[in-house]
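In the part that follows, the structures are each spelled out as structure tokens.
Common to both upcoming complexes is chain A, partnered first by chain B, then by chain C.
So, the complex of A and B:
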């Protein structure tokens, strides 16, 4: 059982990094990204291919995954010069699918549909295999912490205020002299880099990746995490990602306690329940479990 | 509505919810087995048959007193034909339910995806997959594949259609490992010269295959071969029909099941399709039809359901033979109960158990084939059958016996 909790917590870690990245892009800046799975795939395949095929050490291949996500994020943001909101959403969804289809079809490089096996795992030789899952959880937690720290710094900095202004009304932000376009590119690139990191961590954890892993449903899970947790609030997201994993995985146990349901009915019941739990959560907490704190203006300091 | 939950109570409730499953672990006395089948997604037309077959075998054995004096508990999970979900489901089966084997995985990416976890925990895997990477990745010798690798399918279909005097072919395949390797096997037999177009792959889940089909029949080949699954083949065939193609359409019987015939109706006339078939006269196959409540016919019925029955039967016989639920012991016993000559042939679990308990050596012959494994755990050849759709029914036109 504890081994199971450790591996679910590791999965929650991947979701948390992705959710923090999406929060930068959407929660803070208002840029819709439905192509999360594509950036995730890009990171996973960059690090996976560099280590499995080119023999690079993980100390280089994982940073390369971050760089690939960063560059791809910046390029996609260039499109946002003329596109916003729903149009950007369609473009990012397309970009995600394009990345997946390239991975699927360029099989001389990526092994295509048969999937890529990756032997390398970070610091594998330093410990006994039975301790490795716990170590990896710590490893992922470390990156979650770093990502969280960076995201919080951005949110609290003057840049964070600018981003929120862009989210609420980019014309006003522009009129006030903020370079809206540059901020958008920066934030999309940083978010893309985090998604690449999450992909690399996933690839070396699961040791077997194939294009089917990176279907657009992954993006939906991350959106669920952000909406349930509370858009704009980084702490809320961590809880949101954990909650979504709990909904997805906890419902598996129905089958064990309700043995009269056959497997087919069971899987439908499970998916219905996940939907219901989301609806109930959002009915009770419409702005998420931990909503974004509203900026309050305190008079006292000036008046005093 | 007033509802207040602070962070602490939320975390406490979350942790408590995650700990509930501790009580769900199988009782120590039960033998836990995991069934991980594609009940939704790409494998959805086949998964439910596999699931049902697994459950029937377990119910029957429990009613008859179980294995090694213990009851068998089957934990069923849906892989959603998606390796990402399947890995988490396998994690639950292994670490929470404590299963000794995971049976029923269907697509290669799922079988390969859960393999690192299974190997680490010494869990036996039984699958119906096609990738030639499976024996390579199976470092501990714990994986048994109940389906011939797909180049064998391609070669067999190639042999069968060649003997019908067709000389020129157009080729395209769904882009997945199973169908791609089938195409390679087919080309090996008919030869590059017989191909009028450069073979190419198409992607699943497109709403239209117009340009693909145009390219396929551009040089008007006598026949086209399209290794595929039912969903995409339905769309491809509609387009072939719309463009007025008059040659022979060849595919696998997987693509032309009841779901296809219902969608296409009379236009399906003349499609030729091939499939590795159970020896239709085998007692095990006849028993399967009765168990599943089916009528005997020329069509290939429940292609993967029969394999599901064989997986669980083989597994339980092996556990009885090994007298243990440790993965490596089971894997060794799988060969002993399925492969080798001069043993008592059995066709179902009850007879097999009776023979084992009487101290005999047995060789299980299954509903999906005779179930003999090579040293890598891949099932050896099966009979192959080529059928044609006439008046909405499958009519057998040729059979290749191994």
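So, the complex of A and C:
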């Protein structure tokens, strides 16, 4: 039971990093990304393949996963220059699916549906195996904290104001002399880097990655986390990601309480519950659980 | 061999064109890309299956029942989910519509499990001509699609209701000023589109199989066809469906068939970048 809670919290950590990244791209800057699963897969397979097949140390392979996500994010951001946001949604969804299809089909490299086995785990040799899950939870929590800190810094910095301006009206931001194009590419790349990081952390945690993990539903759950938590509010979406994971994983406990439900029924009930969670939240609290705070120009805010 | 490619493309197009037209219509009225169509199509397929196999109704009657049922569900979804949220951004609504597809799909899974099913129809040998094969059901699908497209054309161009639909899609406020009851027309459009998605579910069940993912697998080709033809242009959607069907069949010649779904996405991406208004859409100034 407690081992299960630790693993649930670790998964919540991956979701939180992904949700923070999406909030940076969409909540703050207004750029839609439905290809989250693709960036997640890119990070997982970059670090996984480099360590399992090329024998790179994790100290190099995990940064490479971040770099891969960063580069892919920058490239996808180029698309955002010409596309309306709802069309960008479809194109980014396509990018995610194409990445998954490549992983699935190029199985002589990625092992495809058989799954890629990854032995290496960070700081594995330093502790007893029974303590390792708790350590890894701390390891993930450390990266969640760093991601949160960077995202909050960006939000509060003058750059954050520019990004909100781009979100609200990119033409006005451009007229005011802000380089909209550069900001968009930067933010999409940074978000992509975080998603790559989440993927690498996941890969070395589960030690076995296969394409079915990176279905578009992952993107869906992250979007739900951000919308339920409150777009634009980093603290809100940490709560959102926690809630989504709780509904997604915690409902497994119903199986212990209601033993007559078989696994397939349970998974259907789980998905229905999580879908209803989104709809009910939006009906009752249209701006999410913790809405983005209104920006007020008080004296100490300007100073600090 | 070569003729077979065109036959397959034609069947594919007949399957995709009607829902692409409905998607276009729905987009015009509701102003967001509705991913819930996957769930609606699945629902239509399973409703027809329920009427046809366990209840023993003949297929045409079961199809009609499925169309009415899906029309009703799409209207309910509009009233309970999308209408109260109309102030949300298009992207939020898009996420909600994906959630709705997941819910509908899971409800179907809950009642029917993930088994693959088929309608209660006699198996027949496909017809052969000049080396190509086509089944009776495929011919019926193509015929129905042609009738449906013509019917929609007449409805949109030559009836009061159709004119009102186009007016609401174009400019709801202006339509309201001219005495069109926009809320009623919107509700009517959702029912009409719902019925078309139900019919697509039946077609998909005839040509492919009946399983919970049948709608989701069609969603991207439908989007691609609608975007290719110019979103909001129902006629473009037909041509879009034909081109997409052809492109999908042709890629199978060079790429493994598992990449088929990627073709839809790549076409969407290229088209949106080079010609965002589609083949027949009118250019609009945006951003």
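Assume the second predicted complex is superposed on the first by the 284 of 304 C-alpha atoms of A that agree within 3 Å, B and C clash if a C-alpha of one lies under 4 Å from a C-alpha of the other, contacts with A are read in each partner's own complex, and residues count from 1 in each chain.
Quick note on the criterion: a residue touches a chain if its C-beta (ideal position, glycine included) is under 8 Å from a C-beta of that chain, and two chains touch if they have at least 3 such contacts.
On a predicted model such as this, the values are computed, not experimentally measured, just so you know.
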Exercise for the section: With the two complexes overlaid on their shared chain, look at chain A and say whether chain B and chain C clash or fit. Expected result: clash
Exercise for the section: Could you tell me if A:291 is touching chain B, chain C, both of them or neither one (first, second, both, neither)? Expected result: neither
Practice task
Classify the contacts of A:114 with the two partner chains as first (chain B alone), second (chain C alone), both, or neither.
Solution key: first
Exercise for the section: In the overlay, answer first, second, both or neither for which of chain B and chain C A:224 touches. Expected result: second
Exercise for the section: May I ask you to decide whether A:63 touches chain B, chain C, both, or neither, giving the answer as first, second, both or neither? Expected result: neither
Exercise for the section: Could you say whether A:83 touches chain B, chain C, both of them, or neither, answering first, second, both or neither? Expected result: second
Exercise for the section: Examine A:174 and indicate which partner it touches, taking first as chain B and second as chain C; both and neither are also allowed. Expected result: neither
Practice task
Using the touch definition from the top, say if A:207 reaches chain B (first), chain C (second), both or neither.
Solution key: first
Handout entry: First, second, both or neither for A:246, with chain B first and chain C second
Key = first
Handout entry: Stretch in clash, chain C with chain B, out of 44-52, 116-124 or 152-160
Key = 116-124
Handout entry: chain B and chain C contact sites that coincide on chain A, given as residue numbers
Key = 101, 104-105, 217, 264, 267, 283
Exercise for the section: Spell out the part of chain A that touches chain C in their complex, as residue ranges. Expected result: 26, 32, 79, 82-87, 89-91, 93-95, 97-98, 101, 104-105, 170-171, 217, 220, 223-224, 227, 264-265, 267-269, 271-272, 274-276, 278-279, 282-283, 286
Practice task
Provide the residue numbers of chain B that touch chain A in the complex, in ascending order.
Solution key: 1, 3, 5, 7, 10-11, 14, 17-18, 20-22, 24-25, 35, 37, 39-40, 48, 51-52, 55, 75-78, 80-84, 87-89, 91-92, 94-97, 107-109, 112-113, 115-116, 120, 131, 133, 137, 175-177, 180, 201, 203
Problem - chain A contact footprint on chain C (complex, rising order) - result: 32-33, 81, 84-85, 87-92, 94-96, 98-100, 102-103, 105-107, 109-110, 113-114, 220, 223, 227, 256, 258-259, 261-262, 264-266, 268-269, 272-273, 276, 286-287
Practice task
Show which residues of chain A lie in contact with chain B when the two form their complex.
Solution key: 1, 3-5, 7-8, 11, 101, 104-105, 112-115, 117, 129, 206-208, 210, 212-213, 215, 217-218, 239, 242-243, 246, 248-250, 252-253, 255-257, 262-264, 266-267, 270, 283-285, 289-290
